[in-house]
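Here come two complexes built around chain A, the first alongside chain B, the second alongside chain C.
Up next is the complex of A and B:
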């Protein structure tokens, strides 16, 4: 158990600046998620914490103590990898015991046995201990890899996409278990993923990484409801948030937004909201990008008051619900619909944007400006932090 | 008109050389399937279920142990792959690296000796359709995964095949590119109206793309139907748990009769769920089976709910929705809510289950138990 700090970490591979001034602090017992697209530098951060990679600049601290010059073995971190990394010739029991039997830890066998049994119980794999890795399914292998980390009492668990190789069903159940397990153990955990559902579900806090830089750090609600820019907004949520360019007009009594739809201009209302109107006034905002999530777009198949006409680009099921994609010329609008509708491609669809859920982004810098009901979401995020 | 017909198709790999006899040695067992002309059919199943073997038999890349394959009205059992008039798009793009995109797309037609002007006309016709018109001069190494896959499909359809076969064409792409490509494939197939067989292990891909889904497990067809049919009316426990994300909750249950009303009960749980009236003819007091209910048909009751009070074991906030897990015996029952409330472990909620949405499965065979 430890508090982990990174200060201005820089790391380059040849000409590529993999990490460009990464700074964050992970609290003791926290479940901290590093989230971003492939190649963002997430794994390199883990490697710097573990001591496998040496940063060119910056400091890694455990509980305030600088670790830069400590070799990986003495940092007492436990890593879990995507590809399990089990010893194929050893049974599950021996795999789990391997670290404890090493010169560094030299634990006695009775103690090892006790710890393995405890870990096996937590990971629900008591019946697997005598098997060889080749006799295990992928899900079981991942349990063993985690179990091997659990037998130790490390400063921190470093997990690199441990669920990425599992099928959807297993990933769901392991994700749920993992959170429960970490809460029970109370060990600090830093977890790398590119799956937004894992990030949202597991992280006490999430750090969004892009091209070696931290874009935003916050709780799942903060990041989902108040993304600091369009990039973050587009990562959180499936299907992706709609970003629509709008010209704002009106006065402090009532503002409206003009958007382009297949060459026409459509005016949509911007309902009155203190914070939103104030921002528009203060900034003299004439143009913005409106972020509207697919669940906040409504559709009809007949001309309806307050709806504008577009055509169906595609209609596809995403499991328990479906997505209609509407063609709007330069961009498309995604919306949620139930399964099993009879929607023909290229047929007409009428849509309405629930602008009272919109997030405003700067049309130049793509940065967050304001959102509807901002105060509610600030309070929601604050209540989350207290827990 | 049928675009593709599989009649009692069998495949057995010769493993006489191996010491250990594998018990279930049919890779494909008695597979019957009729795809209508222009239909998009997905073969869906876990890895090793025989779906790719089936595809390869249709393509003629794999010998058939027994059975018949018709493409249109033609029996193709003994036809060479090149004479079957099929287009293939596989997971790995298998492009010719020294040829540019144009050369790759044109390759088959050139090999057939089609004249140059005709080839050019066809390539120019198909390129905008697949959105590769500005890639034609590029070399394969310069392309992104999504672009490669588009070229790959263009190459398969330029021959105007009677049947298009695709084997996990999206599995190399990352989440976002995959989503975008799915939409493109769906539109494209809709435009060219070519009978298509599409192999995937991803139920979401099958659900979103296919007109019909054939779900296969251990080489045996489990169910063949539209996405709505397999989702709402699964033939057995396997299909029920394979289709849908998160998967259907499936719990062992004992049905009891309380003053003429039947309830599902569960060991080590107070939960009781009313059995839909339509099952009253097939169940009795003490009847044991499995009950399946989708996470979206389990609800959090309001203040004055009659639901069973249950303790929350897991809570996941996924942004678009929230998932709650409740222990029912040793099974974690999942439910999905779009309600904004943030729960935490240990909170008590009143659990309501839409009894009418439950399915019954045989405890041993997993077969669906249907009302009479």
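Up next is the complex of A and C:
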């Protein structure tokens, strides 16, 4: 149970700057998710918090106390490693007991047994306790690694993709368990993932990381509905958000956006919205990137009023729904469709963009400008923060 | 058709192996036979003779043979012990830490094994005489490091490299100090490699001849050199010589048989990387 603060952490491996001035604060009992693509520096951040890696610059604080010179053993953190890092010569039981048997965190054997039983139950692995790690599947190993952390009462749980190797069903149930467990244990948790569903579902707050820098920190809704730039927008959501270049024209009464579709110019309306129109006015916005989520793209297979024509590039199922990808020349538009449609590749498809859900990004800096119903989402994010 | 071919190949292979086994083992067998022969029968080439234990009595009971064996045990055992104490940390450092010219250093260590002993033994002899290491246990144990240390370092290094560094991190986070991690987590994992390479190093040290021949004389008398004593200047007691050789070969044979399984696995497991 602790408040974790990182201030301007810098860490380089040779010439590669793994962390470049990372600053954030994790509140006590918060579930904080670090989310970003592979190689962004997520694991390095955890290592710096655990004390395994020494930052060249910057300060790590637990409850306001500087921890830079404290060795990992004395920081009292529990870490789940991505490659499990189980002790091969010990049974699952001994693996889980290892921290509680160390001189520093000495616990009596009866207590150890009770805690292991409890963790094993949560992780659904009571039957594995006598096995050696070499006799386990990857998913089982991962559960043991989680279990080894859960038996402790640390300052903070550091979890490096702890669900990545589980099968889908187990992953879903564990995700729910994990969230509940963390709330019950009341322990700060820093969780690394590259699965946006996990990030959205688990995180009280999410930090988006790219190339060793924090891009945005916010609640899941904040990040989903008001991504600070196109990078964040494209990370959150599957299928990925459509980013469409648009020329804005019109006057303060009514603006429209011109987009290029297969060499033609298509004009789409920009419905009136106080904040959006104000921004366009203020900035004299002529060009912008419109971010439109796939669920806000409507399609038809017959010519329809207000729809423009493109061709189908692909149609594939992603489980309980499908994705149609439409070819638009320089870019493609993804949209959600039900399963089992009879869609031939290269056939015509007619599209309407629900621009009243659009997010505006600067066409040069790719940064967030404004979005429709901004006030609603600001309020939503604010209410989440209070919880 | 294919089965027949396979079968024929198997037979040929087995015949070749038998030929090799006979070729390799016959001298040993002959040595053992000689050890049971009296001096008069030593040169007979038939397998018929009157077995006698006189040679064994002479060597084991009426000479200093036991003290030679003890010297060998002290020197070889000491050498292996020093190699373990020095080599395991060295192997750990070579496996875990990055430092300038690391690979050069590792190769340098390995290269000690390449040089023929006779090449370095004369300068060593002169140095040893000057600094008083000549004919001492310490001197031999030291020079045996040329034999045992490189082997141990290279095998154990492979084992350390196979242990993912996260295991050490995990143990750190679990509240263990570096020494606890080393002895509780790492040593059990390198044990197969450590045991097999230590044993092999022991056998090599035990069998070493050139170094003790030149670098020791009266006070320290390892068995390999002592065997020559049974070749007198006036007479050669081949029977006693055979006994001395046979008995001196026993420890290595017994050790190797005991851990034969670990030996092959231990040496190939860590060192060979896929």
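In this section, the second predicted complex is superposed on the first by the 362 of 387 C-alpha atoms of A that agree within 3 Å, B and C clash if a C-alpha of one lies under 4 Å from a C-alpha of the other, contacts with A are read in each partner's own complex, and residues count from 1 in each chain.
The rule is short, and it goes like this: a residue touches a chain if its C-beta (ideal position, glycine included) is under 8 Å from a C-beta of that chain, and two chains touch if they have at least 3 such contacts.
From a predicted model like this one, the values you see are computed outputs, not experimental measurements.
*Asks:* Should the superposition on chain A be reported as showing a clash between chain B and chain C, or a fit?
*Replies:* fit
*Asks:* Considering only touches as defined above, state whether A:103 meets chain B (first), chain C (second), both or neither.
*Replies:* In the superposed model, A:103 contacts chain C only, not chain B.
*Asks:* Check whether chain B or chain C contacts more residues of chain A in the superposed model.
*Replies:* Looking at chain A, the partner in contact with more of its residues is B.
*Asks:* Looking at the overlay, does A:173 come into contact with chain B only (first), chain C only (second), both, or neither?
*Replies:* Only chain B is touched by A:173; chain C is not.
*Asks:* Just to be sure I read the superposition right, which of the two partners does A:89 touch: chain B = first, chain C = second, or both, or neither?
*Replies:* second
*Asks:* Counting only touches as set out at the top, which of chain B and chain C does A:200 meet: first, second, both, neither?
*Replies:* first
*Asks:* Which partner does A:50 reach: the first (chain B), the second (chain C), both, or neither?
*Replies:* It touches chain C, and chain B stays clear.
*Asks:* Return first, second, both or neither, reflecting whether A:127 touches chain B, chain C, both chains, or no partner chain.
*Replies:* neither
*Asks:* Between chain B (first) and chain C (second), which does A:153 come into contact with in this model arrangement: first, second, both, or neither?
*Replies:* Touch partners of A:153: none, neither chain B nor chain C.
*Asks:* Would you sort A:77 into first (chain B), second (chain C), both or neither based on which partner it touches?
*Replies:* The second partner, chain C, only.
*Asks:* Once you lay one complex on the other using chain A, what is the shortest C-alpha distance from chain B to chain C, in Å?
*Replies:* 15
*Asks:* By the touch definition above, which chain A residues appear in both interfaces, chain B in one complex and chain C in the other?
*Replies:* On chain A, the chain B and chain C contacts do not overlap at all.
*Asks:* In their shared complex, at which residues does chain A touch chain C?
*Replies:* Going by the criterion above, the answer is residues 47, 50-52, 71-79, 81, 83-89, 98-99, 102-105, 148.
*Asks:* Inside the complex, what are the residues of chain A that reach chain B?
*Replies:* Result: residues 37-38, 167-169, 172-173, 175-176, 179-180, 183, 194-197, 200-201, 220-221, 224, 236-240, 293, 295, 313-314, 316-320, 322, 325, 339-340, 345, 380, 383-384, 387 of chain A touch chain B.
*Asks:* Can you name the residues of chain B that touch chain A in the complex?
*Replies:* Per the touch definition, chain B meets chain A at residues 46, 174-176, 179, 182-183, 186-187, 190, 201-204, 207-209, 227-228, 231-232, 241-242, 244-247, 294-296, 313-314, 316-320, 323, 325, 332, 334, 336, 338, 340, 342, 344-345.
*Asks:* Tell me, which parts of chain C touch chain A in their complex?
*Replies:* 164, 166-167, 169-177, 180, 185, 188-189
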